[in-house]
Each structure stands twice: as C-alpha cells, then as structure tokens.
Amino acid sequence: MQLNAGCELQFDAKETTPLILMLRPRSGDGQWIMKEEYDITPAVTVTEFTDMYGNLCQRVIAPEGPFSINFSATVQTADDIDVAPGAPYTPIEELPDELLHYTLPSRYCQSDMQGNLAADITNGALPGYDQVEAIRSWIHTNIKYQYGTSNASTSAVDTAQSRVGVCRDYTHLGISLCRSLNIPARMVVGYLYKLDPMDMHAWFEAYVGGRWYTFDATQDKPRGNRITVAYGRDAADVAFTTQFGNMDLNTMRVWVDAVDEAEAEKKAVEPATVPAEAGSTNQTTTAA
Amino acid sequence: MQLNAGCELQFDAKETTPLILMLRPRSGDGQWIMKEEYDITPAVTVTEFTDMYGNLCQRVIAPEGPFSINFSATVQTADDIDVAPGAPYTPIEELPDELLHYTLPSRYCQSDMQGNLAADITNGALPGYDQVEAIRSWIHTNIKYQYGTSNASTSAVDTAQSRVGVCRDYTHLGISLCRSLNIPARMVVGYLYKLDPMDMHAWFEAYVGGRWYTFDATQDKPRGNRITVAYGRDAADVAFTTQFGNMDLNTMRVWVDAVDEAEAEKKAVEPATVPAEAGSTNQTTTAA
Amino acid sequence: MQLNAGCELQFDAKETTPLILMLRPRSGDGQWIMKEEYDITPAVTVTEFTDMYGNLCQRVIAPEGPFSINFSATVQTADDIDVAPGAPYTPIEELPDELLHYTLPSRYCQSDMQGNLAADITNGALPGYDQVEAIRSWIHTNIKYQYGTSNASTSAVDTAQSRVGVCRDYTHLGISLCRSLNIPARMVVGYLYKLDPMDMHAWFEAYVGGRWYTFDATQDKPRGNRITVAYGRDAADVAFTTQFGNMDLNTMRVWVDAVDEAEAEKKAVEPATVPAEAGSTNQTTTAA
Amino acid sequence: MQLNAGCELQFDAKETTPLILMLRPRSGDGQWIMKEEYDITPAVTVTEFTDMYGNLCQRVIAPEGPFSINFSATVQTADDIDVAPGAPYTPIEELPDELLHYTLPSRYCQSDMQGNLAADITNGALPGYDQVEAIRSWIHTNIKYQYGTSNASTSAVDTAQSRVGVCRDYTHLGISLCRSLNIPARMVVGYLYKLDPMDMHAWFEAYVGGRWYTFDATQDKPRGNRITVAYGRDAADVAFTTQFGNMDLNTMRVWVDAVDEAEAEKKAVEPATVPAEAGSTNQTTTAA
C-alpha cells in the first residue's frame, strides 16, 4: 500500500540549540520512498550523515525562537509482515559477524539481568520464533499501555517491575528478553498505518531462522504497512530528535494516510512530556 | 539558490534487464535536498544500498517493454564555489587515510602514464591549487568540446591524444593529470545550473590545502549552483544507470531551473549513443 | 618503550561453547605491534572480523574440555600521555559526525541520570579538559578500589551509590559523568605497564579541545606505556571474551614487561569471579 | 598446513619518502595468523589503517638512506582450494550489493573492451564456474610466462595482445575476461607454498554459484596452501609497497616454508625492475 506519512514538530528554542534529527526514512528493506519533502523553518544550514546503523541523520542549529520541522513522504510499503511459527533459533556460531552486537545488553535493555524472566515466559516454547512470539504475547497481555507512566530513563528492568508503559517500553522489554536468550534483537522506530492513537511508533525485530522478523507487542495481531525510519540497539540510538540545549517541543503532529484517502485529516498528537533532570541539557523526542 | 533539477529516462527493454541507478543526490557537503520525487513506470520493486563511496544506488529489474524513470528534486545549493590560488600541495604523509586511494590510477585515469604531460602543463606553477588550475585551464583551452567523439571506453590517455571529447573526457583527463602529481582527485557527477547545452554533467575535485576544491574544465570561470549526485574514482564508479541486458535508452530529458523560474521549459537532451561491443551486455549512461 | 605484554586464559568447557575473543591489539593510534603470537589449544578454526568500532574480534567454538588461549605481543608504546589543562569544551556542533554517539547513554553509563552529580563535581571547573580531570580526580578520591564488590551488571549509577569498585567501574562512572556534560567519552581496555596488581585494565578517553585525551581514575598521576586492545561505549562492547555456553575460566595470567626486563616473572592473576544468573549463559571476561 | 612465510625488502631512499605498505595478512577467510613479526629498520613511527577492501595498510616515512622491512608470519592455511565444475552463473540481480563493483572495469582490467575475446574463449561452456575455468585454462595455455616483459602500466588489453607476462598480468587478464561476462572477479595477492620460482604471488577469485572461488592461471592444477595478504579490483589497489619518492628497491627475499621444514633455506628473489616515468614519483612493488 502507498502511504502518505509525516510529522510536524514545533519547537521554541530558549537559546541557540544544536539538534540531531532522525526523520528521513531510507529506501530498501521492503520500503520505497517515492516522494519526500523536508521543510525546516526558519531556513538553516543542514548537513546529513549516516550513522553506524545506516540511519540518515540531519544536523542543524536552531536559532533562538520558534523552530519548526515538517517532514512528509510517500512510501510504498508491504501490506503484511512475515510470520514464521517454528522458525528455529539461529545458533550464535551461525550469526553473521555484524549482528553479534545485537545480542549484547544496552542502555534500556539490560538483558544480562532478565534471563530468569525470559526463561519463565518462554518455558515450553520451541527455541527461535516461538520464544520471541511468547515474549511478545506476554508483554501484550501483561504490560498496561498508558501515556505518562515512563520517561527517558525508563528501562526494560523498570518496565518488568512496573508493568506499565508505552510503545518504547514495550519494545525495550521485548528486546531485552530476546537478548537474554541469545536471540539478536533491535529496535525499530517509524510509522504504522492506523496506529491508534496516531503517533511516532516503535517496535522490534528479532533474528531467528536466519533472518529478521517484525514483532509489535502493542498490537493484538501482526500488521504490515509500516515505515521504518531508523534501527538501533535501543532508544538511545534512535531518537527522532536529540537536542543539546534548552528548547521546548510545543506541538507534534503525526499522520499516516493511505494515498487514496488523501483527504484524511491530519491528526494532532500531544508530544511526550519528558521532565529534564537539572544539569542535563540533552533531551530527546522518542517514539511513544 | 534553490534549484529544481531532475531527469527523465525512457527505455525500451528488449528483455528482462537488471539495472543499477545512481540518481538520488544526498544531503550534506553543501547541498540540502528539500524535496524529491522518484517515479518508476511500470511500478517495480526497488531496493537501495550505499556503495563504498557513500553514493545511494537503486537496484531494479526492468520487465520487457517500455520502462521510464523520472527523478526530480528541489535542492538548496551554494551560489559560488571556493577558489584558493596559492593553496599548497598537501604532502602524502598528511593525507587522511581514506583519501590515499584517490592518488592511484583507475580505469579511465591512467595517471601512471601521464606524469610527463602533467609536468609540462604545470611547469612553473606553485605546487597545489595552482597546479590543478593550470591543468584545468590547459584542458579548457586545448581540448575541443564535441559530442559523439568519445565512447564508454575512452580514457584520459585517449583524450590527451585526440584532443577532443565531452565533459566526461575533460574530467578524466583532469583527474589523471592531478594524480600523476600525487594530488588526490575524484570524479563528481550531477547537475549544473545554466549548463549549456543542458545535460547530466561531470566535473572533478582535487584535494589541496587540506580540503577538496571543485574544478570544471568545461567552463571558462568558476561557477556554483551544482548538485552532486555521486562521487567516485572515475566514470566506472558513477554511471547514472548501469544496465545488464539488452535495453535501449530512447529519450533522456534533463532540467535545472531556479525555483523562481518554475515555468522554465524542460529541455530535451539527446541520450549519448554508445555502441555496445558484441558479447558485452553491460551498458552505462554517463555524464556528457 | 617496547613492551612484551600478553595473557593466558585457561577454561574448562562443560559443553561445546561459541566464544568471541577481543585480544588482538591493532597498530595505529600511538602503538605499533612489532610481534605477536596467538595460540589456541586445542587447535580450532578461528575466524576474525572487525566490529563497528574497528576492534579485531576472533570467533571460535571451544569443544568440551580444557581450552586455553595464549596471546602475547611486543608493542612500541608512548612513554607519556598528553595532558592539556585548559583545553576547551568542544561544542556539539563542532563534533565529527562519527563521535556523536559517544555523547549518548549506554548500558553501564546512564548519563541521562547523572547530570546533577556531574554538575556538582565539576562546579567551578572550566568547560572541557578541566571538567574531565575534576571527574577523574573525584572518582580517584571518592571510590574505593576493591575486588569482588561489583559484577557484570554493575553500572555507573550503582557505583556512584556504592562508592566501591574496580577499574571497570571507575571507568564507567567517568564516562557517564562526562557524557552527562555532553562531552564524548569512550571506554578503552588493554594493558598498562606496572599496573599493580597486574591485570587486564580499563580506562577512558574524553574528547575535548578537538581530540581524544586519556584519563585513568585508578591512578594518582598520568601514566603512559599503555596498549589499547579495544574501544567501545562501555564494557558491553569490549569484553575480552564473551562466551555463549557453560564454561569456567580457571586461570588467567597477565603480564606486561619492558623488553629489556625480559626475565621478569609472569605474574598470575585470579580471574574475576562473576556469578552467572540462571537462564543466562552469556558470560564475559572483562577488565578489572 | 602451517606455513612460515615472509619477505624482506631492502631499499635505498634517495630522499625522505612516504610509503604505504600492504604486507600484513588478516586472519579470517580460511587463514589464521598464529604468529607474526614485523620489523622496520631504522625504527620509524608506523600507523596502520584499514582500506575500503578491508586490507591492513601501514604508513611510514623512510628517512634518506638504507631502509629495510622484514615481515614474517606463521599461518594455518587450507591444503586445498574448492573446485566446483558446473556451479552456475550468479545472475546480477542475485549479487550482494557490496560485490556489484567487482563487475566493473578497472585500471588494468578493461572488461568493457574484452567482451568478444571472452565470448570466444568460453564458447560452449556452461555459464558460471565452467566459463571461468575456460578462461583460466586459456590463459595458462596461451600466455607465455616470462619475467621482464611487462611493467606497472601493462593492462589486460596489452597482455591479450602480447601473449606474454607474469602472474600479475595473468591475473588481470583473467579478471577482465570474467567481468566482461558480468561475473564478479577480484585480484588476490599473497603467498603460495612451493611457488616456483618463489616470489610474492597474485591470482584471482571469481564469484559463481553464490560464493568466491580461487583461480590461478599460472598453475597447471588447483593448489591450496595460499596466504592472502590483500584483495582489490586490480594491482592498483593491492601493491605490497607504494612509495611516493625517489627510492630504490635493492633486494627482495620471499619465503614460504612448511613449519616442519623449518630449516628450508630462504630463497632470494630479484625485485621486479620497473622503470619509472620521469615526472611520476609514485612507484609500486607488486606481485610478479
């Protein structure tokens, strides 16, 4: 399905503020960017680089005052995601070199501390896809979805304890549990058609049966029509915006429309409010 | 200046033909892609990868029959290019590791064979920028610009002999002569505002005074408002299209308009006709 | 100074166990590997790859039974490390693209949670080198060095609380505090001449004044003659050995001798005993 | 088989001369470096980097006067190389992205000009491995091996014409003919046990049946016990030494001994004498 997707971010910079943006999806891996538009107001110099995961990142310096970003794209996406019950665990010795680091713990996915929980959840499941699906299903059932219950420091260990969170927390917990079973897992951020409520989204992929599969613990069944914006170990790697200064995000709007529903209204989304700790000026806008 | 630039390619595939396209410019390095549109008809699956030079490459398989590609972008470009008479030669021992390979000969730039010519042309010039400018100026004066005089096998050695060619040949000769003086040089392909006649274009960059500078032997003075599509050692690395099958390019149109001249007519360009050698099905569309 | 350095690891594998080793230092960045020897007994197939940080990693599969690794190298090292009081903070907008990720939190360095502590410690220090030195000095003074007080899950937040740890913990805390001030910091593991007691070692580098500087909170003054084996965000990236199976490390010996002191006795080091959580078979040997 | 292999190069530098060395083999891809020693006299600072093909390259500056390099290694190698008659041609659309550039022409392998010759030679052969073997066999039969008949500018087109050359020329012709059939091919330089006369060696790999296979047109049958030092498109990428100054290579000795034949005499090899063109100071030592 062809999707029109995008977001609009309106900031108020209290001071000159460097920003790193990760808003431009790449073609490849099942999605083709047919059209895109990237407006920044006021006009500033933008440079772009590719990070160690292959994500396109934009660097800008926001002057003091209002600062807005408007990104939109028309993307050809797959209507379905592959599911593969029974796909076997890929032994460590068969993993490609470049995926080994996805078995390691990371900031929000302390897999070294969640082995017992993972063993409990996947008890009886066939090693591989079925273990990951058991994890995904357990999270979907046992974690309550609720805005405002977590913040930029909330980790998988926290969520396993609190049993509440948003898509970012669901994703971290899924990743952490997979890795504690030595299954490579990575975070994906992007857009999902008909996500309700509409927002930037996050989910995860696990490597079993010799390839990556998509898992989304926020949904009750497998759903396609996703646009990947970035991959990483966890949210530390894939913030949509990282700002190094005092800057408020006033409005964030996100939309994903089927191309033949072009008249669909753009839906407003409230930005996640992340209270910054004093002394730390590095804030991020992440998927919720 | 903001430019609307793009190209339209119409092929007729005699058989199912894999293609590699290099048509999508990247943001960064002095250009910001504000808007782009990439249409392929009939619709086919497209995958994208980044090559060893950082260029975005698209892979498609054209079915038998008509096949067209239409790419357009709105790009913020610099109005001027930097010039730096007197900028010194950068000694080999001070070159960044990743640039060393740009001192080596390549398919169309046999710098190992052109040391004497380079020494003659740059005789008396200060080592560095002034040598490169002497080379650029010599090519501009001594090589006659003429369509149809060269083909996909024409190299810098050939052009130094024939004294005739198109932008691709000017560029190869400039690169080869620089490298024979141990000055790193690379090919750039892309768009140039007000190029006459309008076409895909090629020029080169040389590394002196600790950075890359732009040189264009087809022009009589330095000109900005360029859009870089790809970098490489020579034309072997940066063909706009590389086709692995029997496929005719029937029409190629290229345009570069200032955004405030939006009504400017799109100008048609005749595709370079490259006679394929029997037995070789690998054809390329390159800058002329 | 030329150093003979190396380590010997003796394992007992309870089952066939895949291992990733990070034991081979690379030449460059101030060290030149003149000679090296890498023995694995029993002989097994070894493959090597370079990870995303440029570290050389070896993959092996240990058969059930005794398994030993012996690595030694003769390395030319620098006698001193650079110190630069007053070197200024490098603003985010001037950081090279590829270093930006070193400002982000990671598994053991939750910089997003330590901004207040960093602000307290560096209160009054000039932004840049002096801040990092204030952090290093504070850790040296306030954290008690004691084996056996931390384990593979201990993070910078834990250490700030417990005020006790080993070189790994000192390093994580230093990195985390730097990053909370938006100063890029990375972990280094390797060898240090005359480290007492001798062992594999860890320290950190911070990027100020436009380059990396070495800091070691375990030492009371700057010391050179270091051999870097690997760089990473934190210990998750740079374990000397990562084992994916049930395998005991029985003995670890580490030595660093000046070449003209070749008769120096090899000193035995007790391996860090890391109690593995049930359900997790992924263990690592890290610097202590 | 375990091999002791190495080389000794003795230069006389007429002036301070930067050098790039490519002498250190990497572990992986069927070879394991168990021991190595790399001596440079007089002692100079050496830095090392990894080039775009993954080769380890060393940079040094030779002072005026005698300059010698002695590299030796003990390497576990495979006794046989795989042969696979009938392995099919891998269609372009199935090639991994990162191999596509190995189908393109390069400095010494003008595949765009050798399609007819390749078609003649492989007439009747099954597409894939059998075509490559037909090429290899044709070169072995039709090209006369003779030192001193080619130089640093000799290309595959030259060799197809002259029908004479050394291992470097055999290799270039093999690569060029493969690429003209859209079969990826790359140059390998390194050591071959029992090569007669002993010298640094060059051969090629072609990608058919979904993987790389080794081909050596200088030998009358497939032979293993090879040590790869570097991979590249052609000799421009993989010179053992590239010198940017006036410097004579006086002696080159190369040895490859089975470990249990340790007493085997080191055999002296005359360095290839490459007359430098005036104006070009960039000389290389390549496989012969």
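Chains here go by letter, A, B, C and D, matching the order in which they are written, and residues are numbered from 1 within each.
Here, contacts are C-beta pairs under 8 Å (C-beta built on N, C-alpha and C of every residue); 3 or more make two chains touch, one makes a residue touch a chain.
Composition by chain, UniProt nomenclature: A, B, C, D = Transglutaminase-like putative cysteine protease.
The shown structure was predicted, so the numbers you read here are calculated from the model rather than taken from an experiment.
Student: Looking at C-alpha means, what's the farthest chain from chain D?
Tutor: Greatest centre separation from chain D goes to chain A.
Student: Indicate the whole-number Å distance between the mean C-alpha point of chain B and the mean C-alpha point of chain C.
Tutor: Taking the mean C-alpha position of each chain, the two centres sit 46 Å apart.
Student: Distance between chain C and chain D based on Cα centroids, please, to the nearest Å.
Tutor: 37
Student: State, to the nearest whole Å, the distance from the C-alpha centre of chain B to the C-alpha centre of chain D.
Tutor: 30
Student: For chain B, what residues touch not just one other chain but two or more?
Tutor: If we look for residues of chain B contacting two or more partner chains, we find 49.
Student: Quick one: which chain pairs are touching?
Tutor: All chain pairs meeting the touch criterion are A-B, A-C, B-D, C-D.
Student: Over in the complex, which chain B residues touch chain D? Could you list them?
Tutor: Touch list, chain B to chain D: 18, 20, 49, 51-52, 57, 59, 61, 91-93, 97-98, 100-101, 103-107, 110-113, 115-116, 118-119, 152-153, 180, 182, 236-237, 242, 244, 277-282.
Student: Which residues, counting only chain B, touch chain A once they are in their complex?
Tutor: Residues of chain B touching chain A: 26-29, 32-39, 43, 45-50, 54, 56, 58, 76.
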